[in-house]
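Sharing a structure here in structure tokens format.
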Amino acid sequence: MSFLCFGEIMLRLTPNDKHDKIFKSNMFQANYAGSESNVASSLALLGNQVQFVSKLPNNQLGDSAISSLQSYGVDTSSIIAGGNRIGTYFIELGSSIRPSKVLYDRTGSAISEIKENEFDWNILLKGKKWLFVSGITPALSKQCLLETIKIVKTAKTLGVKVSFDMNYRRTLWSSSKKARSCFDQILENTDLLFGNIGVLKDVYNMDFKGSDDIEKTIEAISLTKKQFGIAKLAFTCRNHLSASLNEISGVYLEGNGVLVSKRYTVNILDRFGTGDAFAAAFLHATEKKWDSQKRLEYAAAAFALKHT
Amino acid sequence: MSFLCFGEIMLRLTPNDKHDKIFKSNMFQANYAGSESNVASSLALLGNQVQFVSKLPNNQLGDSAISSLQSYGVDTSSIIAGGNRIGTYFIELGSSIRPSKVLYDRTGSAISEIKENEFDWNILLKGKKWLFVSGITPALSKQCLLETIKIVKTAKTLGVKVSFDMNYRRTLWSSSKKARSCFDQILENTDLLFGNIGVLKDVYNMDFKGSDDIEKTIEAISLTKKQFGIAKLAFTCRNHLSASLNEISGVYLEGNGVLVSKRYTVNILDRFGTGDAFAAAFLHATEKKWDSQKRLEYAAAAFALKHT
Amino acid sequence: MSFLCFGEIMLRLTPNDKHDKIFKSNMFQANYAGSESNVASSLALLGNQVQFVSKLPNNQLGDSAISSLQSYGVDTSSIIAGGNRIGTYFIELGSSIRPSKVLYDRTGSAISEIKENEFDWNILLKGKKWLFVSGITPALSKQCLLETIKIVKTAKTLGVKVSFDMNYRRTLWSSSKKARSCFDQILENTDLLFGNIGVLKDVYNMDFKGSDDIEKTIEAISLTKKQFGIAKLAFTCRNHLSASLNEISGVYLEGNGVLVSKRYTVNILDRFGTGDAFAAAFLHATEKKWDSQKRLEYAAAAFALKHT
Amino acid sequence: MSFLCFGEIMLRLTPNDKHDKIFKSNMFQANYAGSESNVASSLALLGNQVQFVSKLPNNQLGDSAISSLQSYGVDTSSIIAGGNRIGTYFIELGSSIRPSKVLYDRTGSAISEIKENEFDWNILLKGKKWLFVSGITPALSKQCLLETIKIVKTAKTLGVKVSFDMNYRRTLWSSSKKARSCFDQILENTDLLFGNIGVLKDVYNMDFKGSDDIEKTIEAISLTKKQFGIAKLAFTCRNHLSASLNEISGVYLEGNGVLVSKRYTVNILDRFGTGDAFAAAFLHATEKKWDSQKRLEYAAAAFALKHT
Amino acid sequence: MSFLCFGEIMLRLTPNDKHDKIFKSNMFQANYAGSESNVASSLALLGNQVQFVSKLPNNQLGDSAISSLQSYGVDTSSIIAGGNRIGTYFIELGSSIRPSKVLYDRTGSAISEIKENEFDWNILLKGKKWLFVSGITPALSKQCLLETIKIVKTAKTLGVKVSFDMNYRRTLWSSSKKARSCFDQILENTDLLFGNIGVLKDVYNMDFKGSDDIEKTIEAISLTKKQFGIAKLAFTCRNHLSASLNEISGVYLEGNGVLVSKRYTVNILDRFGTGDAFAAAFLHATEKKWDSQKRLEYAAAAFALKHT
Amino acid sequence: MSFLCFGEIMLRLTPNDKHDKIFKSNMFQANYAGSESNVASSLALLGNQVQFVSKLPNNQLGDSAISSLQSYGVDTSSIIAGGNRIGTYFIELGSSIRPSKVLYDRTGSAISEIKENEFDWNILLKGKKWLFVSGITPALSKQCLLETIKIVKTAKTLGVKVSFDMNYRRTLWSSSKKARSCFDQILENTDLLFGNIGVLKDVYNMDFKGSDDIEKTIEAISLTKKQFGIAKLAFTCRNHLSASLNEISGVYLEGNGVLVSKRYTVNILDRFGTGDAFAAAFLHATEKKWDSQKRLEYAAAAFALKHT
């Protein structure tokens, strides 16, 4: 088994008519998603062996989330059954000048109410090559924070490489300071970091002088490397021409040389999960031991395609 | 304004393909329902002035629930905005030998987390003729129980007549004893009671000897009248030929004479809300001052039609 | 009650697959719309007290139109029930170089067959602050024309301010001369006028020399102010880059100074009702007594968002 | 060309969710139907050469109705283009004890506004073997009545056999007397009559003593034969066990012997057009020169299958 | 791993409106099914370890079939990728007196074109407890027939128990004689046989004298046991009250005593896959080592529920 | 009868949610299309008399394909019933940087298995003015190739003008050499050729030096005229700004002068069938005897509109 991903998978409800608002919609498409589970599914679809660890309620919706993961080939045998409810969110897709909206209904979800020692990380991490976590999970509850740090440290101890997507969800943290103190502990154990300039600004109050998003990202990635001593960093960058038209690319730093990927101009259909596609593709390419530029181009292409 | 209804209105999600299971459905129809709000909507559709009082979150789903009530002509001006989430439930419609299933996701809903004195019942009940409450609301939280009893007593004091649908939701009460002690207090203030033999069995351990559902219901209604000293009682009765074929009717007791309605044989499409239709129609007919038999026949017909 | 809107609300049928033609569509989405009712619904959604006056047939479709208005919080208690049918229209949404198409089926609709004295404008206007009418209603029948002029004059007499959206529907008038003679009478009673250069060209044969749509609109708004002596005028302007890409803005004239709003570049999903959104937002902002620039920016933003 | 059918084809709108009411439906399935066009389509599907004559507006909906007829192989080359609108109707399918409902929106339809001499029946009937008309068309307008009688008489003169489905639509006639005087003139030219006891009761005040629907139908068919001197009569009969469960059969009278078909017990999904299926199948079987019993059984089977 | 199932999984296309005919449908629901894969999926859903072996084309549809199996938890790692196409079938659901129809489009499917030695049964069967095959697979091509017999014999040799569902698809065999000679070879290796009187009649020209379906099935099961020397036999039986109303039950013979299950009266929504549900449930119950009556009742209940 | 078109019409299945992949779609829209049948349908819709000749299986899908053609007014009376299956293809619509995908499932389709002398071209071509064939049909099987050449030659002999759309489907030919030798024989009998630079490159290895697509097309059309001695040639040209944004136009060569049409910038919704729309419109305009520039503009406009 190559990968272990830990996080929350939620019921996602989207108006069936993609242009409808939540307010007036009377028909919702249902699927199951979440940053870490998206990464797990993508990795499995690409042919990797992946285990997803989480907690889901013992009802039809929990079963359905598991079935969805299995359909991509993800190993779900270690997901704990229990808790009261599955986290839920509603999506309103933007268009042109109207941005997308997310309505979370996640308080009290199964994973947010886990207790100490529900997961035995030593056993779960055994035989894995990579751990993947994101900055979302520690924001869900105090125990989620403790477990995320614990799994990262255990991985380090066991020699499992740690990849971390430094996602920051403003509404889930009481303050950026809390996120910072958590991220600090994860970052010092991170082998491969995914991020972007936005999260560094939000969490670490960093600011960048570059004249465009690529320059700023190069600056950010170098600074981050220095500050936290991380071996490999892969960042996405984005220039908002409009809410539905973006220029995007990827930047990779390993050793000394910064690499920049091809630039894509994309009409955005659905921006959700694009960062996850980038991370999954990069991990896959790393596991394939492709050279650095190829890794980055592969991830950037996956990132771009996911917008369509 | 003739009616005040107090209770919870929830987001109801039903697989778009009515024969689908929740487990495999990826498309849900969304509407907004709840026993008390169903009664409110029906009364308004029939041309009555009705106010619905509740608490709903200040988000698109709460707004949508309000919009739904308004579409029927219900006055929503006193619904309190606040709380974290709207109660949600998923429905799986039965067919032939397979019964319907309900999956509740209601913990932490706005109404269940109301605080003391959020509602000023004296003001809200002023000028109303009827109050309608059900046995569901007091099961939602301790404060909900207190408010339900308080509103009933306030109504009594103000001369507003009290109608009570003695619904009993097993999964919402920790014990039938708790329900009993609550119902006792409501029943002693009830002017018009809706019920059926099932709830009397479940809550009061009553048993009936009649050879069929009608006989049993007549027995039950008389006993209930005697035991709680209620002026008017309207009960539904039901003979399960199969999960999708029932014989149904209504029984009414006022003064001495028990009245039995016409018997309907119905193919059941959707059993949810049928009791609510019975109550609403009976209240409407009462408000219209139709004679007793006409009231009952009208309510029984509404009850029957709602199954189709 | 702040607003009274008078006009027709129709059944709108749109192919469910938004890219389908009417010719090949076998599934239509149904909703209820019309310029004046759109304004009413938007105003109500924004929290204003609004009454909509019209005539609708006493059948399921008339009831459904009323229910739709109520869902937004519009007061429908003065809509007259009667007439044979509800006006109906079919929409074919354009895309790229293909323009949208409307197929009207409105002859003989309830409102077009109203008789003298069906509405008592003195009573209906009493206590209102604003009347809203459009140039569409007087085109529907001779009596509709008479009533529109009558309501405007009555408003003037009662001190209710008159807002008029100078919509011109070519296919509904036998000649632009007829429209002109009608609009003349409305304009002399108008306090707040909504319009654009197109309608001035069509109805008053005005032509403008400005080098772009904004310059032309500034010219048009000044001329119109002078010619009809109107206090406040809010116009939309539009530059067609393509059928699905427009640059749009708003222009406002009150006293001496012409104000121009921010410019929006919008990908057009559905152009219908955008002018209505502009008018409703402007009226709302006026009622809120925001300053002139804020009113215009608010209306222009609503106008832009409605295209998405 | 074997058959000429004359009548109206309408746009039929049915809630997409078959259990929805018109009132609450926001999605309608659209197709094109009408008693005479249903007969035409069925005959064409069975491999016969059929021409349908009518008048339809020159717009997308008129074109779509024509396209629908063509899809079955019906010749539409003589349909006149013109008039203002296509007749429209909305359907609410019943279930169990709730009956189906039809909401007509047909006033002013193209065919109801035909003028004298728009159709040249001599040319249209030339070379045809059979004419099919129903009792619906003459109810649509005065000219429709005149044309129906004229086409029937012209057919008689030209030696084209006349088949008549004695449909009676209560809401379309000002009095049953008017229908009677029209039907009298058609019946004296009819070679093959389709009907049932209901229409004889409604139009001719006939009453029957038989103890069940079959006996009554036998009585009715004999009486009708005698009274109007018709050579061949094929009636449907129906015993309503419930709104969704019927026992049905067919009865045929030619010469002296009355034939009764097999009896079918059907769960009714959609009752519309079942009489049309009976007529079309009977005409097809007649054209095939099958023996009388086979004709009847074939028509009864088509009648029964159409309910499902 | 407890179970190995071998057979074909196909793309199943069903009109989205369940009452539509294939001829007029322009929207099809797609899923993936087949007798043996249905058994595999059911067993996996019940918590068993199941491997499904087959051959599927290396395209999106083949991948989707695999994903569907995985969603239930079936192990698909030994499915061979190759061949030109996935077998496809179209379903028309019956109702009342109209039977269901299947339109196969399966010639040239991947599994029907397998070559000798594509599967190594010794390896695949290693460590399995049960093999499940049906009478359908050997009908698909000559090589499919050879492989089915080979896998059965290899299982016998390796001590893997053989369960066989004696399905007979008339249209797939050139003659019943061919089926007989194949079934003979499978039956002599069968440990647990699923069947019904229909297949024995069709393949072995057996006839039964019992006065109803249960008596006939008891006779059939005893005869089959005797004739082929099979240890355990579980048959379904069915009494057609109508196309949509059946009485059904199960019959089990092991050792001497014949057991008959509870009788169910079911309204049939969809008859496809009901036999598969019976087999899967029986296998599950066997694996659980429940007593014989419990096994039978469990399978009969699953059989009955699958009709709804 | 003006036109005869010969080719294959297939079942086209497209994910109902236009943005879905085939892999994850569980709902497909079904219609019937193919290059030659698209041309036939368009010509018939424009009012021309058109016959489509092909072979289709004698089942519901074959009937449905015929019904689809008839709905446009195409004469289907000479389509041969027979063969095993209808060719099928699945479409995945692209968007932004993601291209569209087609998954063919056409081996063994009815037309690909035709035998010698199934069609009598002398009879079929009698009285026609134009024959239309494409380069797709000869790629389907050896007999299809022979028939295409035969029909073209027979047309020439009978004085029926030959129009040829030089479509080249890479996946259907074993080598471009085969296509070349076939096309050579068709081209020497072609009166009106449709094509583009892509096919000349693919089939004839031609290369063009022009600095943009229009220049290249002018070069290509002149060369092709010279090389094959064709009287009239109408080519489409296309500049890919992105996968969803193209600049397109048409080029026409007759006698000496090359004509270039207006240039359209189109947002592409669905590129399939655009070349067919060009050909059909050009043929229609030719039949109408419009002048050359008008023909080309008409065809280019149809080409552009079909993208939306």
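Think of it as A, B, C, D, E and F in the order they're written, each chain with its own count starting at 1.
The working rule: a contact is a pair of C-beta atoms (placed from the backbone, for glycine too) under 8 Å apart; a residue touches a chain by one contact, two chains touch by 3 or more.
Here the structure is a predicted model, which means the values were calculated and not measured.
Chains that count as touching both chain D and chain E, per the definition above, are B, F. Chains that touch both chain B and chain E are the following: A, D.
Distances between chain centres, each the mean of the C-alpha atoms, put B farthest from chain F. By residue number, the contact pairs of D-E overlap by more than half with those of exactly one pair in B-E, A-E or A-B, and this pair is B-E. One inter-chain figure worth recording: chain C and chain F are separated by 46 Å, centre to centre, where each centre is the mean of the chain's CA atoms. Centre-to-centre separation of chain A and chain D, using mean CA positions: 64 Å. Per-chain Cα centroids separate chain D from chain F by 43 Å. Counting partner chains per residue, chain B has residues 26, 29, 67 touching two or more of them.
Applying the touch criterion to all chain pairs gives A-B, A-C, A-E, A-F, B-C, B-D, B-E, C-D, C-F, D-E, D-F, E-F. If you check the complex, the residues on chain D that touch chain C are 13, 16, 21-31, 59-61, 63-64, 67, 84-86, 88, 90, 92, 103, 105, 107-108. By the touch criterion given at the top, residues 18, 29, 264-270, 304-305, 307-308 of chain D touch chain E in their complex.
Against chain B, in their complex, chain C makes its touches with residues 67-68, 70-73.
The touching residues of chain D, counted against chain B in their complex, run 17, 19, 94-98, 242, 244.
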